[in-house]
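Attaching a single structure in structure tokens format; questions to follow.
Letters A, B, C, D, E, F, G and H mark the chains in the order given here, with residues in each chain numbered from 1 onward.
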């Protein structure tokens, strides 16, 4: 089985670290994984996206051109990547920042008000975790939220371990939203 | 040791340190900036020295000095910076100094762009600098292999007293994959008794030099180096063949492109097309014999080289194929990455006789 | 009501790609204002560096050449020798001018090449993500001086203006800052004088501008201005370093 | 009487104009986001503006035009 | 005009001036020092400008500036200096600027020696700089041809907006032969309306640049340049075939070596051995079709490439021969010049099946 | 009778290849004498330039590296960083140091690299047959300034010692001459001091030596000494340019 | 017919200009000619030699490995090039500076006391012309002394034309010595 | 009493030693040529030598040894 995911949003929304976390978790579960940032010109700002692949087989091209899932944290990302979802694939839209619906009818689309939920959890920065929680909760991901938390523990410096409970909550909340 | 998830560039740096590299001289350039950044952080911790040179020209000459002084030393850069280093690289080759040079290739020519490319193949393999010489050029296609080849690269450099180049690209530099830093069996390496370490009279005076004003002496020097190259060809050529048994079309690709071709092979298999991959791991020495061994097989109808360039390695493939089967090329350039489906289309065209 | 301030003609309409609050933009505007005031746009050929200002060729509304990293003074020399009647300027960062391009700027200055160099000293490599520049202050943390720059191993921040001022071919060098309105006005005067000296054929001219890099300094744009004032100016004293009669 | 005009879509919300206005009348419009995704600067109480153009001279993105 | 006896280096300089070149930027290096010396004397007399740059790096970037400003401009150097120019050359190719670059090759690698060599073939022809690009490389073999090709070279550069390289060697630079500076029919050349001459609004604003940050745009840019290369291949390929009719062995050589092979052909003829010569005059574009046209002839038994290197052009010859006939190599390097008798021995060995 | 003067141990037996009367040889000997006196031969690593002194690796009786043209300071930096306890020196001509290698010397000096540079200023490119150097005097005829060097187009002769003395990393710079016995003795003292300062870890040290090139100046060796005294010294004043406490 | 000549001596003996003059003269007579200096390291001094080819056919290799004639102005040159003379070829030895005889018996050898003759003519610098005169006088050279004088006129700057009579005399003297 | 010795085959006849000898006793030996082809320097009237070693210090080719 191969998950091919694109995560995209504004710089600062944490899409890069969300992707790294997912890949890390996949690795902890013994999968072959890759994470590829789209690195832009040598200047700051703008949009950011990354490709994550989690697979039982060796990872070939790390570029995702036919995504099994797209997680779009803002509208430009949705516009750019909506088409790349394979038929039957998954699309997660951050409805807090995206005011339109998906035009695709051959895929599964989830609308998650991630920023609002994150604010409700007390920290708007965990909107990415809410989205990730939603992704993990959809049927069939080979990665568990527990592995993500495990990965988070390894990635976060010892000084930041207190952020873990909050992220745990955000992941859970994302999962709940999917299943509501 | 267990696996860690690492960016290619950082993995290169860590691998170098674990291989005993303690000196890094470089100059910033995208997309390899994580290498100097990592070195700047880590080298002081292990008693090494990181120095940001004033330029790539200075950097490669610092490498010359440090290598001549007997150190394990490396530099890294990307395309325009590597061009600036050509004189220095030729000197290092001429003076037979071991070192590791990393080129995380970006689109060119000129300032070009910063997206991944493989358009520095000729420069790396044929000799971007002047004179008769060769770099040993290693082309990893996963982060794990990057780590392994960096460590191997230092050993090869020391064993043969020749500069080694790691030819990567922006994608390999920037992507993350799990890697394991394995316990290595280091090679039995000759002592560096030729290095400038201060002359106490217990060995011949060390002179690091590439000038041989008498052409006869220079010719002998070059021929001696070329004899060494024969040994390198015999001992160090590395290549991976994948799915070649029964393959109708053999695709040749290295580095990032080879990964993409693996995806193509799967796509092709689904359509019942048998595609194989010859992936040169050493670009120099080029695994010509491997091509020769497949070229006479009846099931092989044609060769296709895929590169992120306008066609460079394809010349070596074609030379190896030697006219015995058709040799085709497909490439994207300027930072564009070939799409598996487009490659598959090319394969179909070749099968259909439309090329 | 009359317009008292608007975008100079010598800038194109392209919005700058610089980070929010980066003072590269201010310096661009000042150069363009001077070109407008001296009415030399049609006679000016600019040379863009490699650095955050690499796209300067999209912003200055005159003929432009994009140079290799550090080589703008050589490129400008080539242009000026072909068109001695034209006004030629280079726009260069501190990595570009003081590090990789040190030989080219020393020799353009020494030859008294009749060009004007605008030298943006922001104590860092902006474009490549915040590495140490030769002008990085002691103790300053950057990507390649993660423990703060140490004089013992990395040397002292280089004062290019003072060094170049020792050369005979130099007609005018001044160091200015753009951290507040008063200094912006002074910076513009210096840039204007540099162009005027070039036009008068007096020799090589350079204006060093202390500039901000909020992104890589890890500060807000406003904090960055303060840092220029409090940290940079004490080490890089403003003022005329050389002026030919 | 003076007037400042913002080419809002060029604005990057850096606040340098806010910082430099002697009258303290330039603020960041928290209520809107421009094409680039920034909260743009704007002037409240335009009648207090003295047309000094400090804001415009400080602006790195040539956003501001001033009339007097 | 009547003939004059001139050193190759001086002839290059005079030819350039007569071709309208008025700007020279260079840095001293043996064995091409007569070129800057001549230019320093003569250019001021014709209203031009000679400038000794602070380095080869500065020189090539001055050339970039002057070429971008619309001038006919040249630089010259020898091997190590040309290596230093690789970044600049890649920029010039990327920005599509016309200029003439002379490399009077000496032995390498490193500081090497100062005697004649041809070991910079790969660098010149395959691309010593980074990225996908080509120089048009002209290889004269007499002083007269040097003069003609310098003048032609400037026109070709202007016509296609591409840098042109004259690849000579120390012997061609230092020897004297009679030359005639003929009245030339200049080509009909496109106006340089892209040059930076000050923008009065009567044309698009001139921007000389090689940066295309969007990979798609960069790819299009490179592909457009490669389309130009196809036209150059079609129109500008130059080659001389000598004595090939009935030849049993065709020797391929360029420049100085080709002269020596001419002596070999005479020696061989005396012994009843029919030897032909294919002398590529453009090394890029390489006259592959010429080889193809001879390769199928029955009387041709084998190809032998002779170079003053360890074997570089031989790859292009072998590619052109395409496995249809055997392709051999004989070379000397480091400043050693092949001896006609040794070449003849090689030919005999090939005939005798001893190779 | 005791020996009062003989060839120093730190020179090999190889005869110099320099032209008759060329003072390169004197400077070689002085360096070797200093190495003998300080007893550092076994701890010294020298770097030869590209220039007439390219074969210096055959003459100094210690470990040597031959550097690319102009890059000796970078090569020396590489060596010194690997062997901080060794004495590292470069020997460079004016083309090598002041022209092509300008960036490398500026940055080695600015970093305070603990090396010693012996800088041979003979106002010409000796090895390549007499081209203009950055230090060529105004009006001086060379192969590439056949009408005499003009300030207007080729700039002024560059005073490297004065320029480098502005840099913070410099511990010691002195300009000396070897045109007579008194000055030869003074030159040796300066070279000795430079090595001593290096050993003491004070920073970058350089001795600029005004030297002759009878061959390319077109003079006899004796005339050449006069030319140094009468023409070079007035433009290149001797003495200490910088000395750290 | 092809003349392949090596001229060799100390730097300063004028072998280079002698060779150039001969080549120039050959050109004036409508022959194909080449002149090739042996250029040494980038330093002065030592010995100098050049190869001159004068031919009815196109000149192939400008290097002379089998000389039809060698003109040796000093002993090292004789030692170095004596062997390269083809059987039946010519060897001209400046007996003023060379104290030994040729060991070859398959060639024609001429001993010319060029320095003494030049001194007698009043200028030791024209020893090279004496040698050249001798060479030209030997049977079969396609170049005449007149062409050499013609070439000299073109090569010498207008300020130095007064040197021509002296050189003319030297050439003649060389010829006489051969025929004596 | 002092003595100077010339390693004659290293000498290039540059005359710097001649120029610098305060006693004027160093001359070029017009009568002989060394291995390199130069007339070497030599001392006439060795008894006048004061052993100052000026000649040796000035000699670029380390030809001269001085005893005293």
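Operating definition for what follows: a residue touches a chain if its C-beta (ideal position, glycine included) is under 8 Å from a C-beta of that chain, and two chains touch if they have at least 3 such contacts.
Source: prediction; values computed, not measured.
**Student:** Touching both chain A and chain H: give me those chains, sorted by label.
**Tutor:** Chains touching both chain A and chain H: none.
**Student:** State the pair with the higher C-beta contact count; candidates are E-G and C-E.
**Tutor:** By the number of C-beta pairs in contact, the winner is C-E.
**Student:** Mind checking the centre-to-centre distance between chain C and chain D? Centres are C-alpha means, answer in whole Å.
**Tutor:** So the centre of chain C lies 26 Å away from the centre of chain D.
**Student:** For chain B versus chain D, what separation do you get between their C-alpha means, in angstrom?
**Tutor:** Result: the chain centres lie 53 Å from each other.
**Student:** CA centre of chain D versus CA centre of chain H: separation in Å?
**Tutor:** Centres of chain D and chain H (C-alpha means) sit 84 Å apart.
**Student:** Using CA atom averages as chain centres, what separation in Å is found between chain E and chain F?
**Tutor:** Computed from C-alpha means, the inter-chain centre distance equals 38 Å.
**Student:** Multi-chain contacts in chain D: which residues touch at least two other chains?
**Tutor:** As it turns out, chain D has no residue touching two or more other chains.
**Student:** For chain E, jot down the residues that touch at least 2 other chains.
**Tutor:** Chain E, residues with two or more chain partners: 30, 49, 51, 54-55, 57, 80, 87, 91, 95, 110-111, 114, 209-211, 213.
**Student:** Touching two or more other chains, which residues of chain G qualify?
**Tutor:** Touching at least two other chains: 41-42.
**Student:** Quick check: in the complex, which residue numbers of chain F touch chain H?
**Tutor:** Residue list for chain F touching chain H: 1-7, 11, 15-16, 18-26, 29, 180-181, 184-185, 214, 220-222, 225.
**Student:** Give every residue of chain C touching chain F within the complex, in rising order.
**Tutor:** That would be residues 99-103, 106-107, 110-113, 134, 151-156, 158-159, 162-163, 166-169 of chain C.
**Student:** For the complex, which residues does chain E have touching chain G?
**Tutor:** 3, 5, 30-31, 114, 170-171, 174-178, 256, 259-263, 266, 337, 339-341
**Student:** Applying the document's contact rule, which stretches of chain G touch chain E when the two form their complex?
**Tutor:** That would be residues 20, 23-24, 27, 32-37, 39, 41-42, 58-63, 65 of chain G.
**Student:** Can you list the chain B residues touching chain F in their complex?
**Tutor:** 23, 25, 49, 51, 53-55, 57-59, 61-71, 73, 87-88, 91, 95, 196-201, 205-211
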